Structures are given as structure tokens and as C-alpha cells.
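Structure first, commentary second.
Think of it as A, B and C in the order they're written, each chain with its own count starting at 1.
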Amino acid sequence: MSSALRISREVSRVAGESTLEVVVEGGRARASYSSVLSLRNFEALTKGRRPSEVPYIASRICGVCSHAHFWASSLALEQALGIEVGEDLAAIRDVCNRLQLVQNHVVHLGLLVLPDYVSRERFEEHARLTLAANSYLLKALNALCGRLTNPVGYSLGRLLTPVGPRHLKAAADYLREARTYVAKLSEAILGLELPELEDPAPSYVALSQAAAVTVPTGGPYSLTTPRGTVELSEDNYRSVLHEVHAEYSNSRKCVLMGEPFFVGARARLLATRRDLPAGILRTLATNPFSNNYAQAVEALAAVDLLVEVLGELSSRALRLGSSSGTPRGSGLGVVEAPRGLLVHYYRVSRDGRVEEADIVTPTVMNTYHLELSAATLARDLARRGLGEGEVARYVEALVRAYDPCIPCAVHVVIRR
Amino acid sequence: MVRVYVDGVEVDVPEGSTVLEAASRAGRRVPTLCYLGGVFGEATCRVCVVKAGGRVVPACAYPVSEGLKVVTEDEELARLRRVSLELVLASHRVSCWSCFSKSSCRLLNVARELGVEGIPVCAECPLYGPSCLVARGEPCLGALTVAGCGALCPRSGTPCIGCRGYVSSERVWREAVDGLYRRYLKSLEDLRAAAGFFWTHLQPNLRRYLGGGP
Amino acid sequence: MRIAILGLSGCDGCQYNLVREDFLNFLRSRGIEVAYWPLVGAEEGSGEYDVALVEGSVISGRDLEVLKSVRSRSRVLVALGACATLGGVQAGLGFSRSLASYVRVDYYLRGCPVEVGEVLDLLDKLSRGLPAKFGERRFDHVERPTRVIADGLIELDGSKCITCGRCIEVCRRVGAHVLNYFRRGIETEVVTPYGEPFSKAGCVLCGLCAAYCPAGAVSYRLDIEEVLQGLREGSLVSAYVEPEALASLAESEGLTPQQVVAALKALGFRYVVVYDPLSELGRVDGVVVARSPAEERLLRRYLPEVRVELPRPAIPPGAVYVTQCLSWKAVGLRAITARELQLAIRRLNYPTLGEERPDSVLWVPGAAMRRVGSLDELRRSLGGGCGGLVLEVCPGGCLLGGGQPLTPCTDLGEVLARRRARLEELAKLGSEVARS
């Protein structure tokens, strides 16, 4: 005999307001993850605007990963306008994006995830490390783009303020200071014992070049999945990444060519880091909780990569301009945001105004996968005889493993 | 030495000291505007008012006396200081975009301390003359936006989009539009577009300064 | 004090920007309890709060319910950020409203994202029980005299004058007596005699009136943009900087002298020389040395019988003289004041400045001259012969000269002490540079 388990929780320690509902009944489980935030409809907000204004609006979709939206929208609009960004400027933008990725991971892991796993004392210890690392990362961001939320000094295809060896060296110095703390935090995360969960749909999607570049200079974009690479362009992205109705819920689910999938740090490592130790790779391949491991590995690797790149960039004269190519009238910007793949599409009219906009965020892409995993987890735990309260805690921890960002979730169904 | 009590804190100060000096020695901060230590303490601005000996007096000029009890902060003093500053601002033509004190404005410092709004971002922006974004033809809303951010965006080359809200004074609007924007911008259309980021709830009577539709 | 931090329909950026060391340390140091902050997992939810910081705008029915609930349970409600104060960028769609559209808001913390400093200031005041009440402006404009007195170098704009009288006092102290009050009541103006331009009114061009005006009403011509243009074009390559100017710039900007040199290089100067023309003058008997053309003018007017020597800076072409004294601009020298440089270097991102040494130091600190600070003091000292005397009339000396950077600090004694310390650091740096 199985008693029904009904969980409905507002999830805390994630960005934004969201609710997870899980029902386990008769040996089967269903989960539904939805945003409590109202629809702010950024796509509609950009209509009729000039392209140069859009990145400043897009970056305000989310205050946590605002850079990713800024760069993704810039990429898409540059394509639409025929602006070809030079290598060095592209490299600096990539640095900014990756810096924010490290910052997001560090704060998420150290302050939002750890309380699920360790005692209060250990949490306080690590909180201090996290905050120290965060201070240096913020300084590095300030040196390159003014601030953490809503970067300044950049516009379509150009810099509005000089960025030179001074700024790059300062950022590198701050990153070096941060490294000790990031390394300690990373070690602590990798030492956590994660709950067991068999991924019901272990299909990852990430930019093929994610190890080297998170803000590619232009489409088409190559995505790596377990089944091989998929090329994403503005012509096919709506059919490659599209939304279907899930039979048990009102919300729209994102699928890649018909299948649920996940994005994020875990996906990026699986796609690009076959050099990792076999044990880690195995966990990454099979357990959704391991996204937190992946964030830890990725953050530390990113710090080292950034120090190297900044060192190289600050040691030579940079050519920070762009050139003009043929305007295409529309464009697709795909970047790796901290939580995974982020897609911005814009169409620009003849008189230079945005006519159409479409934004697909990583949190949306992950929602289906998150629900499937949560249902699987709840079902497994219920089978093992755990009560509602405990199951609820575990599924909440699972939600946090995905590091969802609800302000970004522009398409997730609204719960009134 | 004379013994006085500032907010209950006992301090001894040399004879001939002012209440402001005594307050400083007691570690209590009193906002000032015209006072300049060692040079000027003539109580003309009335911002540094405190309560001493049962009266409201200017701290920079009122002399200490044995046993004097001083209060440096309460609701009434806060209100009186605000009024003094508001009156000062009312007779001060705001033209921060071309002001000598740009980025080092004392009026702005005092206004922020007392919570009086009315001075725009130009007051804290170091771009002067031809380096001002508006002078370069950009639709920077700094001349109409409430100061307090250190002008981070303009100093990074990014025109201000008014995220701190607009200054409520009609006079500032008139000065900024006539004295700055109409001088350098070919049309106000770009400015209207910039105001469309955060100021869509612009009061109708201010719309007339920027013209055009919503 | 119990606080709540939450968001309605926003991007969470304002809250997220509070997740940092300084904010959390501040809360701990004041014993402020964060009763409700779902972002970090503090989840009491339904209690009463002293202060509620609410970000995000009101879009849905749920937003409104939450807002009303929080308002009824909080003593103080603070609108955090542009969404809460203005409705946010999403207001463009028409259905997003600020908090104040529905409930009484006690304080506005503006910005997108907010300034963490302002959040800290507000919580600081509130935690000390201080009435940091936000109010509206009540007076917009008062008609007053708006006379402008200008001569191309110094200008007094009556429409900005707040008639505080600082300029009158400092001009009297210097001994020039150019400015005074005129008329009474609301008609009060600060003017030169008959409203004549400064140059006709006996002004010596010390610049102190401009330096001390708190309202920007007195100003002098700023040539900094021409200098920056010259650097861009390559017609200007070096800065010859007075030690007092460099030390004061360091003090006012919170930088070390080496960082100021780095800042000058970042502006485009190829060579930075610390230069004190006085050091080149040995002790000369029978002559009073004027520190600058301002003192020279004073001496010629009031002590015409005294022989005056004015050491004139010798700078090469392609160089600009950076000085603490405005008067050098009037004698055909390419000069800018430390104040002008302050304006320019503020465009730089200070934490990214390295440290650099001056390329050369033409300065002997503590040269064998005795400084006198006023004409009266000079008259008294002349009894003992005038050899080795240099007149510096700015109160506090050159470190508080009329062309020095503007400072918000009103305790000039403190400022002077800090600048003296920087000057000593610079002297040490100078001897290192001289040795190498």
C-alpha cells in the first residue's frame, strides 16, 4: 500500500520566486515547477526600440546573470546589423561573461547550496571564504565593466570607455587573490556526499567551444549533445529547441529535437571535459545533483583560465574595434550563461527598429528535466519509506542543484 | 577648559570654542554647509543648527559655556536643516553640467546627507565641457536624473538612462532642456527615447519639456 | 532591529547586490536580525518587521497581496531599486507600477541596481533610531539677483550664489578685499566694487574664492579639456607638477603620490616631473620672494618699497605646469591647477591604477626659506631684514592654495595635516628617484 505524497513548496535559496509541486501516488510521480514571478514580457518590451537600446533592457531581465543577457542580445543584434566584432574585443567580452559565471557559481555554492549539506558551523566557515572570494570577483568585474549587475562601458560592436592593460592587469590581480578562496570552496563542494539519483534523461546540451569561449563571436553555433553535434542558427533554432505540451501539466516544456535535456555546468563539462577523472565523469553523467560538483570544478578552472587570458591580453597592444559587414536583418545570439545555454533572437526592420524578439533561457530549458528528475527522486524516496517532510527537503535540494534563475524564466508558466 | 554635554556625552573644550567644535570632540557629526574650519564660521546658511541652552542655534558660531547641554539630532532639527537647505537650493540656479564644482559639489553632499532631492547626476560627473556626453551629441539623461550613483554610467561612456528617477524640480528641467539639451542635441527625439526606459510614468506636465507623444 | 528583504516582480539584482561582505558584516555588527530573506534562506515569513526592503514592481494580484501584507507588518517600508521606486524598465508595457502607487512608502533607495552605500547609510540611521525621514521638496524657485561678473578668467555667477560669505572672508584674509555684500534681505548679492570685472577690481588671482565657494558660483576658467586634447594630439607630452599640487591631489583622491603619477600617465602624459621653481632660487638677501604672481601683485600694491622676486617656472615646450595657484594662468604660462587635474583623473578607474615614479624630481624639500603667511606678518618680519622670506598668502599655505583640488572636508586643519603627510611621502619618493 502506498500513501499519496503531496508536496507544494515555495523554493527558497534560489534567485526569484518559484514553486515546486510533487505528487507521488500509486507508485508513480509527477512534478511541476513554476514561476511565481509575474510575466515581465521582455520580448514585447524591446519591440519598436532601437537596437542600441536593447542590451540595456535585456541585462535587466535578471540581476544575477545580467551579463549573459547583455552579451547574448549584443551578439544577435550585431548579426542583424552586420557588425563584426574584432577578436580582441570579443575576448574581453568573453572574459566579462566568464567572470560573472565564476561569481554566480561561487555565491550559489557557498551560500545557497551548502546549507543543505553541512552543519551550521561549517557553513559559517565557508560563508566567510565565499564572501571573501566574492569581494575580489566583484572588484575584477568593476575593473572591466563597471559592476556586477548591468555592465557599463560597452555597446554594440564597441567599447564606450577605454579598457587597457591597466584594467586587465587589475582584474587578473583580483582573480589571483580570489583563487585561494575559490579553491577551498571547490574542494569543500567536491567533498560533499550527494544524494543518489539516476538521471531519467541524461541528455546534455552545451556550446561545443564552451571550454574556451562562452560568448562566441557569431553564428552559426555548434552544440554538443550525447548524440553528436547540432548546428544552431536562426533558421532552425525554433525547431531544434522547441516547446511541447507535457501531458500532465499546463506548462510548456522545452525539448531538443523531441527529447528532454539539461544545460548548465554539468552539461558543459560533459560536453567538453573528457579529460576529467573517470569517477567524476561517471557521477556527472548519471546524477543530476552533480551539477553542483560541476559548478565547483568549472569555477576553479575558469579562474585559472581567466588569469591566463588576462595575462596574455594585457601583454600586447589590443585592436578593440569592429568592422562592418552585410546587415542580415535578423540575428541569433547564443552564449553560455552561468546556468546554461542562453538564446536571444531579434529581427530588425528596415527603418532600424526591433520588430521581433525571442528569448530562451537556460532555466526554461532545464524545467522539463528538473521536473522529471524531481518526480523520479520523489518516487524513489517514497519507495524507501521517507515521509513528506524529508522528501520535500531532498527535492528542494535537487532544485537548487540546477541553480534556477526565475527572473530569467520568461516563458515558464505563471502561477497566480 | 569648559565642560559641556553633547547628546549626553561629557566633553571638555577650551574656552571660546564653538558648539560645533565641542560636538566634534564628542564624536558627534553635525551637517554644515558654509562653515569652513579655521577660515569661516559666520552662521549664514543655518544648516548646522543644534539645540543648546533651550534654543535652536547655529553650532559653528555659538560659543560654549560651562554646563551647556547640546542636542545634535532630533526630528525638529532634521526638519529645520532640511528647510534651510531647500531654501538655499531654491535660490541656486542648477547648472551642474557646466559647473566649476562638478564632481566635487558640496551642495550635493549636504543634500544627500539631509535627504533633499533636486540635484542631478551632472553634479557628480567628471566629464566637463567637450567631454560631456551631451556635448558629444549623446542623449544622456544625467542632467535630469537624481544624483547619488557617482555618475558611473556617463564616466564609462554610457549615456545615463535615468534609473534613479527624475529630479522633481520644474526649474531644473527648464534649465537642462534650454541650457544644455537644446544647445547640443539636434532634436530631442533621442532624449525622449532614453526617457522611455524608466520614465514611462512621466507626469504629463513634464512631458511638455521633452515634447512628443508617450 | 528585525528586517525583511524580499522581491515582487523584479530581476532580483538589487537583493543579489546585497549578498556581499560589507553588507553582511554591517548587519552583524549592528545586531540586525534578518528575519525574512528567502534568497538566502531566512524564512520566517509572517512576523512583524522594523524595516522591510522590497524590490521589484507590482504587476500581479499576488504582488499586491504580498506588498499590502508586508506594509501592514512593517514599521518602515523601503522601496529598493528602480522597479520599486519607478516601476522598472518593464513599466514600458503599461501594467507595472511602483510600490508607492499602492501603499505608503517611507524611503526610496534609487538605482538599477541600488547603491549598496545608500542602503547601508539608511539602515545605519534607522538602526540608531534616527529620524531619517524622506520628504518632498517644497520650494522650487525664488527670484533673486542674477548678475554675472566675468572677465574671461574669474567669474562670479549671482544666480548660483547662496550668499554664504566664504569668498568675502577669504578675500579679506588674503588682503585683496575684492568682494563684499551689497543690498539686503532677499536682494543681497556678493559683488565686486561697482560690479566691475575681477581684473579691474584689484583681484590678485589667488583663486581662493572659487576654491571655497560651496555652490560653484565663483569659478575660474578651466583649461583641462585643451590639455587633454593636446595629449591626444601629441602636442603635449610632459607635466611639470608642483609638489604641493601632487601631494594635495593624492590626499583629496585617497591615492598615494605614486598612484597620482600613474594617473597622469594614464591620462596620456609621457613624462611627469615634480618641479618646484623655488628650489632653484638660492637664498637671496634684500629681496622678498613672491610665491606666485598673486603674492607679487599684493606686494606691488601694498609694499611697493620692497624688492620682490618671482621665481618663474621654466618649462620646455610640450609641457604643462600643474600648480596650486590660479595666478600662473594670467602670466602667459601654459598652466592648469590641481583642481583641473582632479576633474580629469576622476574619469579613471582608480582601483586599476598601478604605481609609478616621477621621471624626474626638480625639488629640494625644506629649502632654506622662511615662509610668511600674510602681509602683516611680512611687515613684522621685515624689521629683521627681508632675506630668505617667501610670502604665501593662502591660509594654510600652498597646500591649501586656491588652485588645489576641491575637498568636502570642512576641517581644514585635518586636510592640511593629511596633505603634509603626503608631501613627506613625496619627498621620500623624490630622494629615491634622485638616487636612482
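Here are some notes:
Please note the rule applied: contacts are C-beta pairs under 8 Å (C-beta built on N, C-alpha and C of every residue); 3 or more make two chains touch, one makes a residue touch a chain.
For clarity, every value in this text was computed on a predicted model and none was experimentally measured.
Taking the mean of C-alpha positions as each chain's centre, the chain lying farthest from the centre of chain B is A. By the count of C-beta pairs in contact, the leading chain pair is B-C.
Centre to centre, using the average C-alpha position, chain A and chain B are separated by 42 Å. Separation between the centroids of chain B and chain C, computed from CA atoms only, is 13 Å. The set of chain A residues that touch two or more partner chains comprises 57, 147. For chain B, residues touching at least two other chains, in rising order: 155, 197.
Across the assembly, chain C contributes 88-89, 92, 112 as residues in contact with two or more other chains.
Against chain B, the residues of chain C that register as touching in their complex are 82, 85-89, 91-92, 94, 97-98, 108, 110-112, 115, 118, 130-142, 144, 146, 157, 159-166, 169-170, 173, 210, 212-216, 218-220, 222, 224-225, 228-229, 342-344, 346-347, 395-396, 405-408, 410-414.
Chain B meets chain A in the complex at residues 152-153, 155-158, 161, 193, 197. On the chain A side of its complex with chain C, the touching residues are 10, 12-17, 36-42, 44-45, 57, 60-64, 66, 107, 111-112, 115, 131-132, 134-135, 138-139, 142-143, 147-150, 166-167, 169-170, 406-407, 414, 416.
Taken together, the chain B residues at the contact with chain C in this complex read 24, 32-40, 42, 44-45, 73-75, 78-79, 82-83, 86-93, 95-96, 99-107, 109, 115-118, 126-131, 146, 148-150, 155, 163-165, 168-171, 196-201. Every residue of chain A that touches chain B in the complex is listed here, in rising order: 49-50, 53, 56-57, 146-147, 152-155, 159-161.
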